[in-house]
Amino acid sequence: MRKGRLEAFSDGVIAIIITIMVLELKVPHGSDLAALQPLIPVLLSYVLSFIYIGIYWNNHHHLFQAVHEVRGGILWANQHLLFWLSMVPFATSWMGENHFAKWPVVVYGIILIANAIAYTILVRILVKHHGKDSAIAKAVGRDSKGNISLACYALGIALAFVNTWLSCALYVLVAIIWLVPDRRIEKVIVQ
Amino acid sequence: MRKGRLEAFSDGVIAIIITIMVLELKVPHGSDLAALQPLIPVLLSYVLSFIYIGIYWNNHHHLFQAVHEVRGGILWANQHLLFWLSMVPFATSWMGENHFAKWPVVVYGIILIANAIAYTILVRILVKHHGKDSAIAKAVGRDSKGNISLACYALGIALAFVNTWLSCALYVLVAIIWLVPDRRIEKVIVQ
Amino acid sequence: MRKGRLEAFSDGVIAIIITIMVLELKVPHGSDLAALQPLIPVLLSYVLSFIYIGIYWNNHHHLFQAVHEVRGGILWANQHLLFWLSMVPFATSWMGENHFAKWPVVVYGIILIANAIAYTILVRILVKHHGKDSAIAKAVGRDSKGNISLACYALGIALAFVNTWLSCALYVLVAIIWLVPDRRIEKVIVQ
Amino acid sequence: MRKGRLEAFSDGVIAIIITIMVLELKVPHGSDLAALQPLIPVLLSYVLSFIYIGIYWNNHHHLFQAVHEVRGGILWANQHLLFWLSMVPFATSWMGENHFAKWPVVVYGIILIANAIAYTILVRILVKHHGKDSAIAKAVGRDSKGNISLACYALGIALAFVNTWLSCALYVLVAIIWLVPDRRIEKVIVQ
């Protein structure tokens, strides 16, 4: 029951985050197709962030399947993750409206790193709480995907000073890695 | 349980989408009745999209009644549908603010087609997952309503280059077809 | 279960409606107390509408306690109510920003009437579906509160052409009548 | 069941409140790091309010674990709390955009006091309804944290006329006090 309400609140916040980003697709004044052209970078950054937020929701959903109990520390680790997720719309708009310029791309990468760290903290607290032999501990395992993501984000930030499209390619790459659903947890639960 | 959270998240996103559209009804500065007049096309397009989003929620609700299990592929097919639903407010505003001009009406039709395709993909993945003899497979059947809708959208887009009111009439026609509740699934479940 | 999802969706939409109204309390540029003064009518209209939406949520909550089954017609009667509720933020802002001028007060009253009618339609469909001897039919009874409300709204609209403060007094009166919780349904369920 | 829907509605409203605050982090026009500088006070006030709303959600969550029944009076006491929570985004933005100037800091403190009072009223009604020997009554106990918070807010408001940073330090102090999770209720339930 307690778990249920934390999931419901997280669902609510994530649903709002993923949806308010679309408000940055400001309706243009003109009514011809050309009026839509300046919106293309905004739309592209929206698509990327929509997928990222979707991945976080997906992983959060899988993660909490294996959770049995929710305590104060877990609530706050979850809140901390929601905070960084709430920063994504800002970074997304700044990046899209500035056509993937250097600093917005760097800040976007930093926000992605902050989210990854917040998620890792949440996972570690959950594992610690449930014990090393719990389903959740086995499911998370060595978390190689998480480490690869962090490396890609860091490299993406560094490459922004050379060519921001390389950064974006790395951000897209991480999204693709995670779009493959997290079967680790699914497997352990089903067994 | 797993199904429950996917429904809750979808409900959240759809509830936000259907509600933020009303933010485009910008409060006019004047305080007389004439100040409301420019809002009429915006209101009309809002009503149409409110009904469309309501239909999608309604069908989503009926569809998931027959769903037993949710896997990675289903989660992403659902996310994909939510993405295209999130494009509806933008297309709605652009169409309303430009008094149903040609390109906005065309783009609105394209978004409707994208939603219809995303819904069809979701249904097919669900049917594939549950088997050909499942309640969901029987309920969906030949999906003649879906095919008629796609034909109407396509015709609506083509007719926008002749007269956009013909397009709008077709979009309204599709809404009316779907307003008749989807008894196909209801019947199979009740039996 | 089916009822649950309709309640969840309605909760989501009503929660968003009640919250986005606060976005009309635009942050003033000045930092002294005087900068808040122009916000007072906006705040007052927000408070009134917050209470109204709260009453509708409250009554909706009580009403659905007595509901056993949800069918297509009920879903759409509910959607119809949500549509008129979604018009409240617009009418609220227009009334507040124009310091309770004649036409905005009239339109606000019309939106209140539309909501009352939509709620009545929902109740009637529910009663029809559950039968004359059902808990819900007994609980609703003669609905004298609803009739008094409609009379007050109509009188309020008429009086707006004399003095809009009389209209507002009537709107406040209706809110007070409903703030007394709807014990009719509560009683029948408990027995 | 009835409790569940009140929790769901509160979750929805609180999720929206905590998320729409981020909309005040307006995307700057420039694309260099300097463009982010004016946003720092807005971000700081957002972080503070995010934590405050998180605390209220957390406490609300713990409080309702011990609740068995929901009556009319409780619904309205909860609605009253949601109203004051909905005032937080406005006060947060005004404070952030005015770089923690005197009056915005005072108003922010008043809103915090109003929230604390609304929460206290809700707790008292719940205790009264459940009886002096209920889990909820034991869990709340003497509520020394609540009293300390009120004193800090009042002192913070007074000190705003001397130095607003002292006020902010006090507001932060209260947040820290509450970040320590409310083990009072947790203890009583577990036993």
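Every chain is named by a letter (A, B, C and D) in the order it is written, and numbering of its residues begins at 1.
In this text, a residue touches a chain if its C-beta (ideal position, glycine included) is under 8 Å from a C-beta of that chain, and two chains touch if they have at least 3 such contacts.
This one's a predicted model, so the numbers in the text were calculated from it and none came from an experiment.
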{"item": "Same-site or different-site touching of subunit C by its copy subunit D, using the half cut", "value": "different"}
{"item": "Turn needed to bring subunit A onto subunit B - CA fit, degrees, nearest 5", "value": "90"}
{"item": "Distance between the centres, which are taken as Cα means, of subunit D and subunit C, whole angstrom", "value": "26"}
{"item": "Geometric centre distance via CA averages, subunit D-subunit B, whole Å", "value": "37"}
{"item": "Sites on subunit A at which at least two other chains make contact", "value": "8, 12, 15-16, 20, 23"}
{"item": "Residues on subunit C engaged by subunit D in the complex (per definition of touch)", "value": "7-8, 11-12, 14-16, 18-20, 22-23, 25, 27-28, 31-33, 35-36, 47, 50, 54, 57-58, 61, 65, 179, 181-183, 186"}
{"item": "Residues of subunit B defined as touching subunit A within the complex", "value": "1-2, 5-6, 8-9, 12-13, 15-17, 20, 23-24, 71-73, 75-76, 79, 82-83, 86-87, 89-90, 93-94, 97-98, 101-104, 107"}
